[in-house]
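Both of the next two complexes hold chain A, though its partner changes from chain B to chain C.
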Partner chain A sequence: MATLTATAQKPAPPGILTHRAVRKLLVLAVAAAVLGPVAATQWPGAAWPGALTVDVSEPLGRASDWIIDNRDSHPLFLYFFGHVSNVVVLAVRAVYLALLAVGWAGVTAVGALVAWRVAGVRLALGTAAAFLACGLLGMWVPTMQTLALMVVAVLASVVVGALLGLAAGLSDRMDRALRPVLDTMQVLPAFAYLLPVVLVFGIGVPAAVLATVVYAAPPMARLTSLGLRGADKEVLEAVESLGTTARQRLLTARIPLARKELLLGVNQTIMMALSMAVIASVIGAGGLGDRVYQALASVDVGAALAAGIPIVLLAVVLDRVTGAAGERLGGPGAAGKSPLTWLYVLLAAAAVAVAGRLGDFLDWPDGWELNIAEPVNRAVDWMTAHLYSDVPVVGGTADWAAHFTSWVLNPLRDGLQWLPWWSVLLVVATLAWLIGTWRTALTAVLAMAAIGVLGVWDPSLDTLSQVLAAVAVTLVVGFATGIAAARSDRFERLLRPVLDVFQTMPQFVYLIPVVALFGVGRAPAAAAAVVYALPAVVRITAQGLRQVDPAALESARSLGATSAQQLRQVQLPLARRSLLLAVNQGVVLVLAVVIIGGLVGGGALGYQVVFGLAQGDLATGLVAGAAIVCLGLMLDRVTQPTERRTQKKGA
Partner chain B sequence: MSATAHDTGAADDAVNGTVAERPPVFSVSGLWKVFGPRAERVPADPELAALSPAELRSRTGCTAAVADVSFDVRKGEVFVVMGLSGSGKSTLVRCLTRLIEPTAGSIAIDGEDVRAMDRTRLRSLRRHRAAMVFQHFGLLPHRTVLDNVAYGLEVQGLGRAERRERAAGIVAKVGLEGLEQRRPGQLSGGQRQRVGLARALAVDPEVLLFDEPFSALDPLIRRDMQEEVVRLHREEGRTMVFITHDLQEALKLGDRIALMRDGRVVQLGTPEEIVGSPADDYVREFVRDVPREQVLTVGTAMRPASSPDEAATGPAIRPGATVSEAIEAVARAGSPARVMDDGRCVGVVDADALLEVVAGVPGGGRAAGPAPGPQGAATGERPEPAGSRPEPAGPRPAADEEPV
Partner chain C sequence: MRLRTSSAIASVAALTLLTGCGAADMTKQASPFANAQGARTVTLSVQSWVGAQANVAVAQYLLEHELGYRVDTVQVDEVPAWDALSQGRVDAILEDWGHPEQEQRYVEDKGTITAGGDLGVTGHIGWFVPTYFAEQHPDVTDWKNLNKYADLLRTAESGGKGQLMDGSPSYVTNDKALVKNLNLDYQVVFAGSEAAQITQMKQFAKEKKPFLSYWYTPQWLTEQVPMTEVKLPPYKEGCDADPEKVACAYPVTPLQKYLNTDFAENAGTAAEFLKKFKWTTKDQNQVSLLIAEQKLRPEEAAKKWVDSHESVWKEWLS
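Let's look at the complex of A and B:
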């Protein structure tokens, strides 16, 4: 150490050693120099040493067997999980039957009227059109199944999330306890949630609903807490100065002041729930997701699209309507005169439903169905024949996928797997420590090591290689698009609706077009991940660049900086935090879809989860799920700048 | 400081009988608010208590926002606390109703110990006796103007119809008729602060506390609002504690002003005392640009009549008239003016003396002229000849018309 510092000091100015990054690197270099040879001699070879793994599949398998054996007899199941499961099943069934009883005309009318009341005429028309389109595509019943599951899951998520958020918003201790948990849950891929609930509830609707609730409640909790904490301090002080009790403060000021965040929370919960309800088809959710899943399993793109379109429509409608409701409430003129009009709405809806019953408009008429599966499949066949390969000059889509696999994914995977395991840990530690604190570095390294201990080192590196490749593509394309959108108003106007739609679509849906274009395999999974993560990256980049202090930009312009200089010397440095956030988001989103890519031949961890579920081999699936959690944790910590924490404190 | 500031009452007693005889509404003594680790040791330890802010910070990590402050706010007066940002004035006013819990010292409202109050009593104090107006209004954005104004009454548990009726009356009083159904977001800054003011007035409090209420407003609106406060005070004679960083505002509204710096009261006195005899260089620097002739009264330039003849001729002015008014009178008449109190000539002002006051030349004020001694000037307690000072009862522009 002493010699190292001495030699480093001579050529460099004395300040460089005091620079934090340099000091961190030095410490790590020393650690590497000491530990590397030890590890290399002790456990030779690049793969994670077998001596350091713990075989958890056997106890997990035993646990799973025990649960299966005792599901009908153990008191824990009889008196708790059993009831939970029954309540969920009953609730979903009740909603489903109610939806069917109201009939397609009734549901469409109710949806449109509600949308009209909360969001205006245009969205009402859009809602009606969306419902009718679902019917037209022959997907009325699956749509209602998904909707019923959604209604129950969203209600439960909102209640659970709001209660947790209330606790975290009012109690600092609760907040300190909950925040890291919620933060972490936010970055985990949806797939990781499936197995634990299956372990307890078995495959079926209860598991699907509970997985959805676990996935969708955190945003509600976070936003509730945020809203309660973010209320204007002076308003609260003014309210206190008038002698309010704590209860009065909560009911008349804190909750109403947080209503924007609360509605945003409901909106996000609905979107997350839809996303998860579709994915949960893997564990028996039924409905639209199941149709897509079945169709994808047999590479029937047409059928997948017919079920995918209603998902997208549902997502867009739900997002726009709840979003518009939030804006209306926050904006001026949000009058409370509505009880009477709501009554009219209810009456009108009831009238339509009754008319539907009498006029026999309950089931969607068969003659009105539009079979798009066949033409789509024909188109796909044509594409397969003409665009897949050997297109002159540009090559074919399948060729691209093959090239991407053999030139990028394979070398990356082999490279990662060739690296000695301890050097991978070291790289993780370096990245996490440079960008964060020693705590984040420690978390990241422990998470990575846990993957090794679980014995899924190689598949995890395979997944990691797909993530890295997809993130690289996402960032290059995303930053370029984001910069362009920030610099040109017209481009941004064109881009905005596209981003809006893309950001509302559930992850699952992205698999459909890539399968049509690229077939199955690792490249399509990566492509789906890129498409899924792009909108967020583009948006964060563009926003970050646009939010750069106009005064700084103006002063640069007044000094005669060219636009390239402005971008390089002012905008990008000042938007650094946004760019880092974009990287973080990109990584998290890409991971989520790469894992789901296991369904379309992405292999690795995602496949192990699917395999575990399909074969009833929960131990394999659970280990893979745990590895996914660790991978997500590691990737998040490695890309999570510390500013996030200090910023929160300062605010 | 505590002793000196505390004695101010005696000074006022000597000057006139109207306000000073009234019992204090708020009586604050030795008040401390220290932020930081183990804050309570700072006021307790005389050595720490005497440290400058920087030293205190480096030695203990604490900041004393309010340090050993004492004063009385008497019934019916406008008591202004003024200082630059960070001087502790906003913390001070929040300590009065324990929105911020004081570290040490005592606060009494009508003789009742505020620091000893339990939750219920404190709530009742906030509900009925002291209402506050905030710098950024602190309105509830989801409620209409009317419901915002009625909020304090709602908190007290009043029925909807009754509180709305009372609120409507107050809304009219502050000039917001026709805007009852608007939301705060649809109002201008001045209108919003009128809502804030109405909300405070609606509970009919004994004391109104203002925390820099107008500093977020445009200058013209600010003047309107200041006049609104003057008007309200003239009509109702409510006790007010007014926090501001604006010296002009302090001089315009304040019957007495406490000037704060680094948590301590540097000088406490009438506007005239602050401008006429600054306690130290800091205050002097502060009031340097104040047009003295508009604040100081003729008392500062008055001399006894040199002859019965002089006492019988010349324009007559009130004892409370400002120097600038006297200048006008002297300039019009071309001769010295007589200061008349109840038909009796109490003195004479001539052009030279007035000019000296305007110029700020030492010795300019003759018999009553300020000859600052540090101790006396610091508190404004130095007795001055009776009748030489304005009556500190009403808001200053209306000082002589109405003792309130």
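Let's look at the complex of A and C:
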């Protein structure tokens, strides 16, 4: 075993790869031949053997009861969690009251003016239009609630993330300890974060804010550390030779040099926080997410859309403005911004706010609301009446969903559940080892085994079957679109804004249209997952293909290769790394949405989490949450190319 | 190095600051969005079924237009709603279908929740088949004959067994245990939400297909898709005590209101109003139909009902 691990870790040229793969396969085949029969005789049957499971629901249920009974008396809650919860509530309340006090005109003006200063006129107009649209849709107050929650969550995430990032950037030991944790946290579905905080804080805003912080802080930490570590060595040496102290170096050289990464971190944190703030409506976050959740519960697509549009607008505006700010500050001539213009901006905003106050302009006027729910619902009714089923030749959307369920999802699920459990572990090990290293393979197998031990083997395989089906669809469509985008500039230009918008939308929003089109069940959950994961796959594929060395292409062309031959024999092999990365991203993103699909009848693990939250049966929910974590870990490791691993270590 | 020690000191200081200055009871925290700008706010828990929306819509309309409150509604599932009510994040639940365990814990033991009296509506949960199906096969209305019809009731989601359709995971249900303990050849399939269940039932009814569903009365859908209840072994007091061993029908439940204790004692007119709020099944169905069938917004539906039933609600305000 020892020699093998050594070879696996060595960066080998591609020629040896096949050879190495054969050797790995041989070892696994031997392991299968030895262990398989033993396992099969010891624990017959396909399902995970009952003897190897540990029932954790009893102690978890007791823990949950204990927390509820002691939440108002135990010192841990009175002197620690209580204060955390208090601070969150006070902060959110303060921001919310401030927003309401400024009034709708004031908030719109402040937003537009800030956008104008950091990002230019066009984005300022966009920001103003977005805020007004929120009001027009009758969603002003929920928008402000979401915004208040977001402001607090983002600030906390940025502070926590920056502190962790500083620690990791300055100390190698911290870096080694934190990096795997942060890497893993990035691949976990948002739903898995909800339950532990609910267990401690109960349903409500504090739990929502804390779940958001836990979800949104890792990218900030990663990028901060990356920025600090990536600083130009020569500049640092020059600064050091001036006899500066470590602290001076940090403040005057390293942090300013990492400015770009820091701003990118803030941008990422904002996007993740928004996405989470919406999902957290399941645990009582209120605001826009709650409206979407309420509407989804009554399959009121129109109302869901009315609440979903402000979310999308907020996401696009926040992303563009912070992105533009990052580019400006990171680019040349960044320093030239006089404080005087900022003063004018502040004054103008204050003037509008005061005018709003005096003119009694604070609440969004009732008459200015546009009721889009009704026409949308009529359109949806028409669609369900005409496109839903029995459309000649092509069949209806509900028919497609039923076919997808009975021809793809059912056989896949039954097949996975029919496979003996040890052979599933073996397949996981093989895939992970062939694509990654023995370490990734070990993690993947252990994660999968943990699912069995927790006693949720069957629902996990059900979820896995949905993920696999959705990933297959995503990859076929994504690669095709990506190849087309890489080969045609015009197509790529057309595609880019679409991808931009799709990538900034929170996962929750995707559930709305699929319910309208496909009804309820596993098929719509898979459809939402495909739509959510597509943009990333398309983008990575197109980028990978475009980055292929032009010289290699040129030489292939001069040898008379046809366009298809070039693609198959030069571009695709050379872009192998990007394609693998696309697969990895696709899998991670699909899993996240398939889990949320529990809200629209996706069943399996996602349903168990929803059930745990809905029935207050946290034991069920926590076990499912842990299984989701393991599944995410397994899927990430199985698809994680070796190169990504080594590249990260060097970074 | 100095930076690290100083930041460590700072964080320790922050921690002691946070934890040092007295106790903070997180079970007594209102929602940060409540009582903004001096307005008196009532936060109502709205459950996902339309009947509950009807209660909340009418209560909200009267609180806002007759009593001058600002009303927030939060969608919380039934069991977590009890926890939220006890913590004061929600002020009232207007329609509870019976949660003895929570009642024991919060009303009897802790005293953080106060019973708010009858809603006036009586609820009953059961298994239902569409009446057109029951007329063709009259013996389907007894659970003993259900296995005969398992083949007829098979769907893509139920595998080889018959489908028993359940709605939202949050509703009170013993169906999984019932299927097991009565040895029925059925699979419980959760539609995920009540609305999804209704969509599905309407689709079935349109094509006159048979189905078996967890359902309850009062429910507005029964006016459009007439349904017949399947007789389960009769309910006896305490036969549903052990959720694993249930083998009897669901009880008939007079629906209850519950208020947060602090709110009930200190909120004056709003609390008095919510305690007196009591209407009939017919009233509730009328508002439900306006919301669900005529697609009126809840406040519009409430206004319509309020305008035509002055004598009923005047009593709640007195």
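Following the convention adopted for this analysis, the second predicted complex is superposed on the first by the 628 of 651 C-alpha atoms of A that agree within 3 Å, B and C clash if a C-alpha of one lies under 4 Å from a C-alpha of the other, contacts with A are read in each partner's own complex, and residues count from 1 in each chain.
Everything that follows uses one rule, which is that contacts are C-beta pairs under 8 Å (C-beta built on N, C-alpha and C of every residue); 3 or more make two chains touch, one makes a residue touch a chain.
All values reported here derive from a predicted model rather than from experimental measurement.
A.B. asks: After aligning the two structures on chain A, examine chain B and chain C and state clash or fit.
C.D. replies: fit
A.B. asks: At the Cα centre of chain A, what angle separates the centres of chain B and chain C, to the nearest 10 degrees?
C.D. replies: Value: 160 degrees, nearest 10.
A.B. asks: Return first, second, both or neither, reflecting whether A:405 touches chain B, chain C, both chains, or no partner chain.
C.D. replies: second
A.B. asks: Is A:61 in contact with chain B, with chain C, with both, or with neither (first, second, both, neither)?
C.D. replies: In the superposed model, A:61 contacts neither chain B nor chain C.
A.B. asks: Where does A:49 make contact in the superposed view: on chain B (first), on chain C (second), on both, or on neither?
C.D. replies: A:49: touches no partner chain.
A.B. asks: Under the stated touch criterion, which partner chain does A:240 make contact with: chain B (first), chain C (second), both, or neither?
C.D. replies: first
A.B. asks: Once the shared chain is lined up, is A:513 touching chain B (first), chain C (second), both, or neither of them?
C.D. replies: The answer is neither, since A:513 touches no partner chain.
A.B. asks: So in the superposed three-chain picture, is A:253 touching just chain B, just chain C, both, or none of them (first/second/both/neither)?
C.D. replies: first
A.B. asks: Scan A:232 for contacts with chain B and chain C and give back first, second, both or neither.
C.D. replies: A:232 contacts chain B only, not chain C.
A.B. asks: Which partner, chain B or chain C, touches the larger number of chain A residues?
C.D. replies: Touched residues of chain A are more numerous for C.
A.B. asks: When the two complexes are placed on top of each other via chain A, what is the minimal CA separation of chain B and chain C in Å?
C.D. replies: Minimum over all C-alpha pairs: 14 Å.
A.B. asks: Could you pull out which residues of chain A sit against chain B in one structure and against chain C in the other?
C.D. replies: none
A.B. asks: Can you list the residues on chain B that touch chain A in the complex?
C.D. replies: Chain B reaches chain A through residues 94, 97, 99, 122-128, 131-132, 134-143, 151-152, 154-156, 183, 185-186, 196, 199, 203, 209.
A.B. asks: Across the complex, what residues on chain C touch chain A?
C.D. replies: On the chain C side, the touching residues are 1-4, 7, 18-19, 23-33, 36-37, 46, 48, 50, 53, 72, 74-80, 82-84, 87, 89, 105, 110, 156-157, 168-170, 190-196, 198-200, 295, 297.
A.B. asks: In their complex, what parts of chain A are in touch with chain B?
C.D. replies: 232, 234-235, 237-245, 248, 252-253, 256-257, 259, 332, 334
A.B. asks: Quick one: in the complex, what on chain A touches chain C?
C.D. replies: Interface residues on chain A, with respect to chain C: 68-69, 71-72, 75, 77-87, 89-90, 92-93, 96-97, 100-101, 145, 148, 163, 167, 170-171, 201-206, 246-247, 250, 284, 286, 290, 293-294, 296-300, 371, 373-374, 377, 402, 405-406, 410, 515, 519-522, 598-603, 607, 610-611, 613-617.
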